[in-house]
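Sharing a structure with you now.
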Amino acid sequence: MMTAASPRIKAGIVGGTGYTGVELLRLLSQHPNVELTAITSRKEDGMPVADMFPNLRGRVDLRFQTPDSAALDQCDVVFFATPHGVAMSQARELLGHGVRLIDLAADFRLRDTQVFEKWYKMPHSCPDILEESVYGLVEINRERIAGARVIGNPGCYPTTVILGLTPLIEGGKHLVDTTHIIADCKSGTSGAGRKAEVGTLYSEAGDNFKAYGVAGHRHHPEILEQLKHIAGEALGVTFVPHLVPMIRGMFSTIYARILPEALDTDFQALFEQRYAGEAFIDVMPAGSLPETRSVRASNHLRIAVHRPGGGDQLVVLVIQDNLVKGASGQAVQNMNLMFGLPESTGLDHVAVLP
Amino acid sequence: MMTAASPRIKAGIVGGTGYTGVELLRLLSQHPNVELTAITSRKEDGMPVADMFPNLRGRVDLRFQTPDSAALDQCDVVFFATPHGVAMSQARELLGHGVRLIDLAADFRLRDTQVFEKWYKMPHSCPDILEESVYGLVEINRERIAGARVIGNPGCYPTTVILGLTPLIEGGKHLVDTTHIIADCKSGTSGAGRKAEVGTLYSEAGDNFKAYGVAGHRHHPEILEQLKHIAGEALGVTFVPHLVPMIRGMFSTIYARILPEALDTDFQALFEQRYAGEAFIDVMPAGSLPETRSVRASNHLRIAVHRPGGGDQLVVLVIQDNLVKGASGQAVQNMNLMFGLPESTGLDHVAVLP
Amino acid sequence: MMTAASPRIKAGIVGGTGYTGVELLRLLSQHPNVELTAITSRKEDGMPVADMFPNLRGRVDLRFQTPDSAALDQCDVVFFATPHGVAMSQARELLGHGVRLIDLAADFRLRDTQVFEKWYKMPHSCPDILEESVYGLVEINRERIAGARVIGNPGCYPTTVILGLTPLIEGGKHLVDTTHIIADCKSGTSGAGRKAEVGTLYSEAGDNFKAYGVAGHRHHPEILEQLKHIAGEALGVTFVPHLVPMIRGMFSTIYARILPEALDTDFQALFEQRYAGEAFIDVMPAGSLPETRSVRASNHLRIAVHRPGGGDQLVVLVIQDNLVKGASGQAVQNMNLMFGLPESTGLDHVAVLP
Amino acid sequence: MMTAASPRIKAGIVGGTGYTGVELLRLLSQHPNVELTAITSRKEDGMPVADMFPNLRGRVDLRFQTPDSAALDQCDVVFFATPHGVAMSQARELLGHGVRLIDLAADFRLRDTQVFEKWYKMPHSCPDILEESVYGLVEINRERIAGARVIGNPGCYPTTVILGLTPLIEGGKHLVDTTHIIADCKSGTSGAGRKAEVGTLYSEAGDNFKAYGVAGHRHHPEILEQLKHIAGEALGVTFVPHLVPMIRGMFSTIYARILPEALDTDFQALFEQRYAGEAFIDVMPAGSLPETRSVRASNHLRIAVHRPGGGDQLVVLVIQDNLVKGASGQAVQNMNLMFGLPESTGLDHVAVLP
């Protein structure tokens, strides 16, 4: 375990101009055991990071560098806040220098390379590294993460759906009908990234609500693969994501039909016991109605379990900040584990409300 | 049928200071066959309507009057944009003067007075008038509406859920599992009304997403009662409403499991046929992803039918402007029918986008 | 003057994929004397307009065409909702076919081609047509517009600032210090157009407020040129635009110091008299505080005149919908005049509130 | 100076159910040298604070107490996040127990009790305590604050206007025309507080922009009084506040005419020098365009100095988070000074962007 006297972890960020990048910068620049040593952007080479993200003025003095000029191989850990495909192209070399990797894109999320290739339209370039990599959902894979060299940081939607379903399905439980689960998910616009696109302009996404990806979304196979691993059998999940006119925040409403033999189950207790002791998972009291703003800018994920009318339909409400627990905060949580730090180091911010 | 030369319909509004009231004013002040003759508000007696709602400056010269001083009994039709319980207290007297009534609150929505009393915490004061009243969902009850004296204008959520399910269930069809339908609904904040409340302040509802009424919502029994009437049998519907940080707009995502014997059904065709010829129901082409802004300030309701992965889970997406088709526009549509006007008279506004 | 029996005006739109384009489509498709005959977009050739803008489903059956294939020369009037420079490149040919032109970009706004070239970084390709063109601010140039073949439709900011200052300066009045006028202006994000840009993403412009163009903005020389023309002398105006997290709406707060000899002026009466009879200019009662939503989706512009503490500082508040009176509505108002129609034909929509 | 080993400051909050209250809770619960010991609310007596503000779940275990039952006299410092008039009613008793006071309302802002009584419609009940109290604008009154027993925490608008003008006027400088300064200010809706009011509902304040208080606003006399004190002479300031559809954030655009004899002044240098060494004042590089989101949830205030066209009109742009530097953060900054802590203790959060 690191102590206050330990040397700081040297951290680099590849592709730091997007929202997961700036959120990593916000978190890492306040982390007591981290020294930010390099951040790359081909396009913004030479630009002070704080010119692009003025919230970092006076806190981050780095300039963007090209990947070639940045001494990433001197880092202890490198975060990839890049488009899909970048991390796997640089993984082998960095591992060779003893650098550990946390990829916030999808290169190391899906275990099945065929599924990866189908959804991401590119071959996987390092199946062997994928093989040793760990899916970085701490509350599920804590031990394996602590010893990992490469982490596939989970997608935002999968984080909420998997954590919202795990207590119901893990260990071969037979509590709900796992063939027809519904995950009706809603995300703020920052989930779409900091890309110049018409669809997420203020004038398009503001004062508007829509579904998207109903015919298929890349997070769907990720959800299915992980749930199968946890449940020990394939599940049927209908996943419909929606876009909410807000910046941060994700809300997943999960519906599962309780099996006749499980109608007496105390689901509230089930969830509370599963997540007892988890620093970032808050199973709220029975009857609670979580709001996304209660986790704005924090790494917490809150869950409320409902059973309307006492019937056989279970409704699980899950919220998180898609940029924190759904991306950069979870990445830092993984880093803490990998380097022997207390899991919540640098992640104990109180959510910003209002 | 009325003609351009017909005398105008004299219309009154009781309780015109809320959002359904101002929306009625917007629509009726532009309606070619209507003369607005009275609008009441106990609290704002004497105030020019356009002082409260400056969008009406130069268009509406009326002042608010007390219910007593307003000559409502001289009207041809009176709209109640009031809290629940007001319309039924004035119905008998107005009917006695030959006035027709359209209640935008719940007094004439629920057929079962015991259900009404349970959910609205007041006895129903005129069961006989309720008996003759018609549930004002034009696409379901067109003929009865044309001859009605009293209309219970549907709730906003029920309008989307009922119209989204009708093609699947009416006439004793056996297409989907009607015991476990899910309606995951999302509404803009105007649905909460123009009431001074902390929960819908900009600083509370903005940049935030939440569910509410999971344990029970007044629109749930209304949905169940109407669907039972349409299907000829009781249905099981889990209904979870959510609050979206936008002003107008409602989006309902409806999930129904297709029965094994119905897997060959062409659901797209089913919906298109059911609503063929409907002026305000737009069954969008297969694969469409409707956005609430495409109906902003218009009386249209759009439906898209999805079957993700070609499986047995049907996903029906329904959008409307909660203040128009979900309230005041539907009320005007009812009025048009009741007075023999073409159904879309005064309702042919193109939606405002962006 | 046209009558109901007159043949409809054949209208074309060049570049209909932006916000001024879709707003023209909304207004013209509801205009009783207009037949939309062509709409062009190089990029979207062949696409049904209503696929891009679903608010037009059932109302506009046109498809986008390339400029070459569209029979623009058969139109009575062509609107240019294009980037700067397009209208002037096609003007001569269309005029040759007897088509009248209304340019919503800047090609025919600035009278001085050197100023145009400085701010728009391109030479003016038809100074002779510019010479005969008219600046389409109806309340200033009504008579000349009626006889014009080419209209330069005003910029959104200039519309508010010019109309907010005209009563104070026209005809050589000496009421305020015209050397140091301040126009602190605020615009919704739709003013930035429907362009894929990072700066106007929801996640960037939402929950945020900023100034821009402080060092120089293209609407500044337009304001100065028109005010000089109206006042008969050059004015000094400091113009600072700001971006507001809303879609539609513009609010200009104009400050002018009252000259000592004019302290007894009744400024409220001055504004009321100047705009008496104007269909779209609403001088609100003394003390009024206009809100942009009171003109949402309508062609009205409202003005309130304040003199805080009765001192020598005049504060003029001006609001409009930047896409209507600030762009497409004003263009239709110009068209009405040019074709002898009552000025408010097709523009009498009540603003949408809330 | 306190050290890590010092006992913690015992802090109480009176009236903790509003936005400045919950923001104090967020900041103080993360402050390394503070122990929150009491929080009062008559109305919510007994309710766990984290039930009302779920962002505090797991961080604040206090319950609201009535003012009588809370042991406020055992505190080292008490913050008043109350309506105007409350702090002065309890000040004498608490001071008698050696408690220091920081009032976030107006009781100790205005030095002139007649001005206070005119604007706040109540007599001042303890002019002697007002006499010894200090206006808590650290960058102006640092030394006096360190020794104060009672602090009047500045209003949000005054903080931006005073800090934006101080370098121009202090010490009898003659740089700008101080008779006609203009402060065009814009605030997010949280500035209106967590009060049930129609005007700040999401459906009213959303997608809308308006001015308010043009005829008079309570922050105007506060601005004038402090500026007079700083300049040594009375100034003329026209102050127009506006409401922006965002939650947090304040943007002030200040206009001052440069005097002929001061045209050679390097205003950028003037501001940089005045605020050199200030932890929370960021004078941005020449040409900068600050955005409110760059200080969201942080105690920083950023200033940009512009001189459009190099003329004689100075434009100073000032931003802050109205709930932090404009209220609760500034209050904690005052507390730090009063208790000998480094000024930025517990206030070094990086702003949340996006």
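Letters A, B, C and D mark the chains as written, and numbering starts fresh at 1 in each.
Heads up, the rule we're going with is that contacts are C-beta pairs under 8 Å (C-beta built on N, C-alpha and C of every residue); 3 or more make two chains touch, one makes a residue touch a chain.
Bear in mind the structure is a predicted one, so any value in this text is a computation, not a measurement.
In summary, the chains found to touch both subunit B and subunit C are A, D. Across A-D and B-D, it is A-D that has more C-beta pairs touching. In this assembly, the C-alpha centroid of subunit A lies 40 Å from the C-alpha centroid of subunit B. The mean-CA centres of subunit B and subunit D are about 46 angstrom from one another, to the nearest whole unit. Distance from the subunit A centre to the subunit D centre is 36 Å, each centre being the mean of its Cα atoms. Among the residues of subunit C, those touching two or more other chains are numbered 19, 188, 190, 194, 203-204, 206-207, 245-248, 290-291, 293, 296, 354.
The residues of subunit A lying in touch with subunit C in their complex are 19, 188-190, 192, 194-198, 200-207, 245-247. Within the complex formed with subunit A, the subunit D residues making contact are 19, 22, 26, 29-30, 53-59, 190, 194, 206-207, 247-248, 282, 284, 290-291, 293-298, 300, 302, 348-354. On the subunit B side of its complex with subunit A, the touching residues are 180, 182, 184, 186, 188, 203-204, 206-212, 214-216, 236, 238-240, 242, 244-249, 251, 253, 255, 257, 287, 289-293, 296, 306, 308-309, 311, 313, 315, 317, 319, 354.
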